[in-house]
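You will see chain A twice below: alongside chain B first, and alongside chain C after that.
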Partner chain A sequence: MLLYILGMDRLTKLENESIYIIREAWSQFKKVAMLWSIGKDSTSLLWLCRKAFFGKIPFPVMHLDTTYKFPEIYEFRDKYAKEWGLNLIVAKNDESIAAGMGPDKGTKLQCCNELKTDNLKKAIAKHGFRALYLAIRRDEHGIRAKERFFSPRDDSFQWNYKDQPPELWDQYKTKAKDEEHLRIHPMLSWREIDIWEYIRRENIPMVSLYFAKNGKRYRSIGCAPCCNPIDSQADTLDKIVEELKASPTSERAGRAQDKENAYTMQKLRSLGYM
Partner chain B sequence: MRFFVAWKGKLVYSQSMKNKAVLIGLDGVPYGLVDDLANRGVMPNFQALKKQGVFAKMAAPLPAVSSVSWSSIITGQNPGVHGIYGFTDLAPQSYDLVFPNFNDLKAPAFWHKHPELKQVALNVPSTYPVKPLNGVHISGFVSPDMEQAVFPAKYLPKLAEIKYEIDVDSELAHQDMDSFLKNLFQVTEARVAAFRYFWQEVDWDVFWLVFTGSDRLGHFLFNAYRNEGHKYHGDFLRYFKRVDEVIGEIAGRLNENDSLLVFSDHGMTEAKANVNLNYFLQESGFLRLDKSSGELYNQISPQSRAFALEPGRIYLNRKGRYPNGAVEESQAEKILEELSDAFSRLDFCKQPVIERICPKERIYSGAQVANAPDLVLVEKEGFRLRAGLNKKELFDKDIFTGTHTGDDAFLFVKGSSSFVDDSLKAEDIVAIIEKTII
Partner chain C sequence: MENQNQDLKFVIVGHVDHGKSTLIGRLLYDTNSLPPDKMEEIKKTSEELGRVVEFAFIMDNLQEEREQGITIDTAQTFFRTPKRQYVIIDAPGHVEFVKNMLTGASLAEAAILIVDAAEGVKEQTKRHSYLLSLLGIKQVIVVVNKMDLVDYKEEVFDKIKGELTEFLANLNVQPKLFIPIAALKGDNVAKRSDNMKWYSGQTVLSALDDLEDLEQARDQGLILPVQEIYKLEEKRYVLGRVEAGEIKPGQTIKVLPSGQTTVVKTVEKFQQENLTQAQSGENIGLTTVDPLFIERGNVLCENGKEPLVKTEFSANLFWLSHEPLAKDEPLIVKIATQESIGEVIEIKKRFDSSTMEILEQNAGKLQFLEAAEVTIKAKKPLALAEFSELAELGKFVLIKNDNVVAGGIVAELKNN
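And now, the complex of A and B:
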């Protein structure tokens, strides 16, 4: 508290808030895992978890592997899982993969649903997780502005954003009903620029795709067929930070599928069509 | 470039040498309401127009929702041809919910069918994302991304300047009705500004202008229409008065030989209760959900024989069509009979809820019938057929005080009445425009 009054810097405040939430959740749930997409946000979250537990993360770190990720992602995952001594779970929806699901079969939404959402559901059921750490941020997407630090989901993954526990004065509802699992969002307050400034400050290793090569770099990474690089000369952390400060477009502009459906669904809901 | 010339003793625009057509759409407005407000002096311009042409009831295609009806209005086809059966559908061979859009429309829109006519299409629902045309197209609800809602893109800065919005923010009505109404009138004024701009800017032959605020008002405040003591009664009338002023302005800008059509896509009435069809199907043993198997319709288990999509679309869980499909072709007829029997006995306080049960072959024809719902239920007036999957009761109520009707949309055509008959349908509009101006 004293440090707040004395004016702690922004990144340290964010770091403290995240570490507090990470530890608070761990004290409530032992059956918990962290989702690691190997992207910049979840790798930063991983870093925060390592800090929260002095280098040794006491819960599994789970990668939802669609098998369509960039080769650089797999390489990075395996290297640091070993180096940081992670209890890594690689979850794959083997059934869908065997049935040939991919971005060219069916719609991109179907592909995401089977290889990510269904995959996650199966993994939660298999391992019996009661809570999951996710590195989502409020500034990522319109709908995420409504998220809470501790966000309940029912067993069909429904998130009722109109019926969430209030989080006033930093009092968090960390209990979940039996049929629910809790999503823990320690990085909700972070912005894209905070992430990069923190990566720079802490010198966190990052997948090379984020750094410009031949005038292009990825601002957001996921599956190779659904991500497009942006024009950029930013090949160092300093240049990325500078670029973001000047950029008028959104981070996920290069991601194909998610925006329109979320928007449409909410519009239809608000008119009583769903 | 426009200039005035003398023509038959009158000053007219030079471009009026060819006949033009203006199509004004009022989303979700029933025949009875517009007739009543015209008679009562709230819509004096429309009252005057009524005497200059034909004003009739018109049937919307089934189910009576904007996406289906507007697709019929702009293509001149029934859903069996244009392939749009609702705001939602399930992806092929899956239970994943998808949102059909303009790319899924299987018949050409009027502006693509008639590229020889320069057209402005402003705010026609379910026409997103826009495609190139001879003219200007700004799509209506639902248009997630403004950049894909405007053709040509050069008009984006102009639209930003006039603060053009695709639709009122209906979320506001759930929080604060005053803010909702303020937003509704702002969006309407921006729409009027856009219409005035394109009217001058483009040398058009056909101009489509759709007001969608009427439907939004209907959804949230239909109970304010007749109730003079209702807090928002005045606002309800004020909206229609404003739309009437624009109709008057447009009528005044047209020449004698130009065509004018004013119409709605479906009607509206006061909502009595929601009927949760999937709950009913579960209770009657037609539908079984397995919550562990996924979200929304992915919960449908192999024991399910039927399920519902909004508003009253009933689908058999057919083998070969859905991942957990269980119904064999040979069983289909029997199950449809059982379903019809069950729905015909569905009652609310001893009053029947379902007016008609329509098998797809009876209401649709064309290459897309295979993807149609097996049955479409038409409700008794005032019931809202809903398809939520996690409902705990058969009937409930919510914030929505209005609900759609299908048989009392309206059509006004200026001038000759020879092509308007008693069985007027939304899909007849294309033929009427063609007869009047081509």
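And now, the complex of A and C:
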């Protein structure tokens, strides 16, 4: 976007970029859904979707439930799904769960793959979605920095990172025949600090796990067994913003998935992981 | 002026192996923008591959990129100086990945063009220069890198500067300045180099801080390409982003291409149903006084300040597909939210996008990575502007089999 009001601040620019992309994808595909993990990024994306459509989101919001999430996450999900009038879909990979798949069985890669990726594949097949909104950001991980705003996945769900379509100006990839669906990434340009400053500016409700209790808080949340809290005294939005500005380590430092091998994330993503 | 809430996006372009990723690594390192765990991970992977610590791995995160030592796709990262925040867009230099370079560069407000002092100006140096001019990026800094490999000699720097100045002038690109650097060692990146006493100009960081924020869209009439219609309860919202001018309740607007007029009833955002106005860059929903038929691809504008509506126009085109363009083959033209079937009816001149040498006049085909002056004919009338006048209605893509196969800009419009 080359034209903007001189002096439009970074958060306002980011918000406008995201709303444009959200509306563009809905206009192109109609049969879309947003993935809501209930974390800070996807809750902010949900907020942006509400803003894009004047409070009434015209597509379903889907939670990929591994059943290993924190209780606070389920509580928050149900409260706001009701309050915001969401068309909520809760998707679970019942087969894998029945077979006992969990973080202690097999590798982390297998667990993520079955309870998240395979779960998503089944849900897409069931509902016939053509495009999915995801709240990933370039600054989260080097592999995510390579993503496009509109990113195709083929019929076997693969991300062809070696040959991505060009995105010129605001012209995005529209669906091609041999592709299963598109991933839409309206928040690609946001950084972790932008998210928190935006949450503070907009006063967006957040799961309590992000706020420090007894000297610990979560900087990134997902499944309870695979997330570690950090030492922190930040129990308010102001303190979280201050803490992040002073912190040198990256956000996913507490995530187990990224630790096994430098390319785990690349493998997960090429297989369809979010 | 210090402004921490503003950011500036710039792209680093140039020939493969001339040091784009290394310069990025150096910029991040010297501004303390590298998280310690990221540095740890880079050290570890570098060791596993049996190399010295590779700054390039900060941006090159794909396994293939690290093992082969090349950048495949564009990526972005951030740093800040006391003056402002920066978003660095890394762009691959390899010829095969030009579409990824364009993807990154099309988001940039400024560019650093990097040239290897030992190798001098190469094919991609020139092609990327052409693409900067096609994209309309006006703020360009040239850095001559790896000065350590040529014993920091002023003559080498001067020779490259002379050669490139002439080439860029032909493309209407005027670089702000030329800086001799050694990115690997940090000479003239954040700190002035003791190895080049003959150079007294800016460092890369101080040159970046001297760039200007993009100027405001000049005093223009309203341009709002319609994205979609959204019905909610009793309301029928026209959704879109204001690209130029401003929109207010009570304002008379013209709908292109039909030319019908109506009056704006409300300009709205979520929980702001009665905005007094919206300006360029803002995404809004508007309602109209009459139930006029408006659809995606219409362009709302101001009476008397409307852009031209045409089916035929001259353009500069850059062909991105391995499959050549054939004159008269059916394609889709997309300009802002407008879309029409169309064709290239004339390829007036065909260029090598690296040397800018004319390959053929009145050509029948256009090959991968060639540039051309063409005439495009669209089936539906399109609201257009010359790129230099109003970029949003002056830049377009061509689509074939659902893929973007070319980028282009509207060259000249005659009102005939």
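Assume the second predicted complex is superposed on the first by the 251 of 274 C-alpha atoms of A that agree within 3 Å, B and C clash if a C-alpha of one lies under 4 Å from a C-alpha of the other, contacts with A are read in each partner's own complex, and residues count from 1 in each chain.
Going forward, a residue touches a chain if its C-beta (ideal position, glycine included) is under 8 Å from a C-beta of that chain, and two chains touch if they have at least 3 such contacts.
The structure displayed is predicted, hence computed values, not measured ones.
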Touched partner set for A:Lys121, first chain B, second chain C, both or neither: first
Touching partner for A:Ser189 - first (chain B), second (chain C), both, neither: second
Partner contacting more residues of chain A (chain B vs chain C): C
Partner chain(s) touched by A:Lys216 [first = chain B, second = chain C, both, neither]: neither
First (chain B), second (chain C), both or neither touched by A:Lys245: neither
Chain B versus chain C as contact partner of A:Asp9, first or second or both or neither: second
Partner chain(s) touched by A:Asn113 [first = chain B, second = chain C, both, neither]: first
Touching partner for A:Pro58 - first (chain B), second (chain C), both, neither: second
On chain A, positions contacted by chain B and by chain C: 263, 266
Chain A-facing residues of chain B, complex: 65, 87-88, 91-94, 96, 98-99, 141-142, 144-145, 167, 169-171, 173-174, 216, 219, 291-292, 294-296, 298-299, 310, 384, 388, 390, 398-400
In the complex, chain C residues that touch chain A: 5-7, 32, 35-38, 41, 44-45, 58-59, 61-64, 72-78, 85, 87, 99-100, 102-103, 106, 109, 136, 213-217, 227-228, 230, 232, 237, 239, 241, 243-244, 268-271, 279-283, 285, 296, 320, 334, 336, 391-392, 395-397, 399, 401-404, 407
Residues of chain A defined as touching chain C within the complex: 1-11, 13, 16, 19-20, 23-24, 26-27, 50-56, 58, 138-139, 141-143, 145-146, 148, 161-162, 164-171, 173-177, 189, 191, 248-250, 253, 262-263, 266
Interface residues, chain A side, partner chain B - complex: 106-107, 109-110, 113, 117-118, 121, 125, 155-158, 259-261, 263-268, 270-274
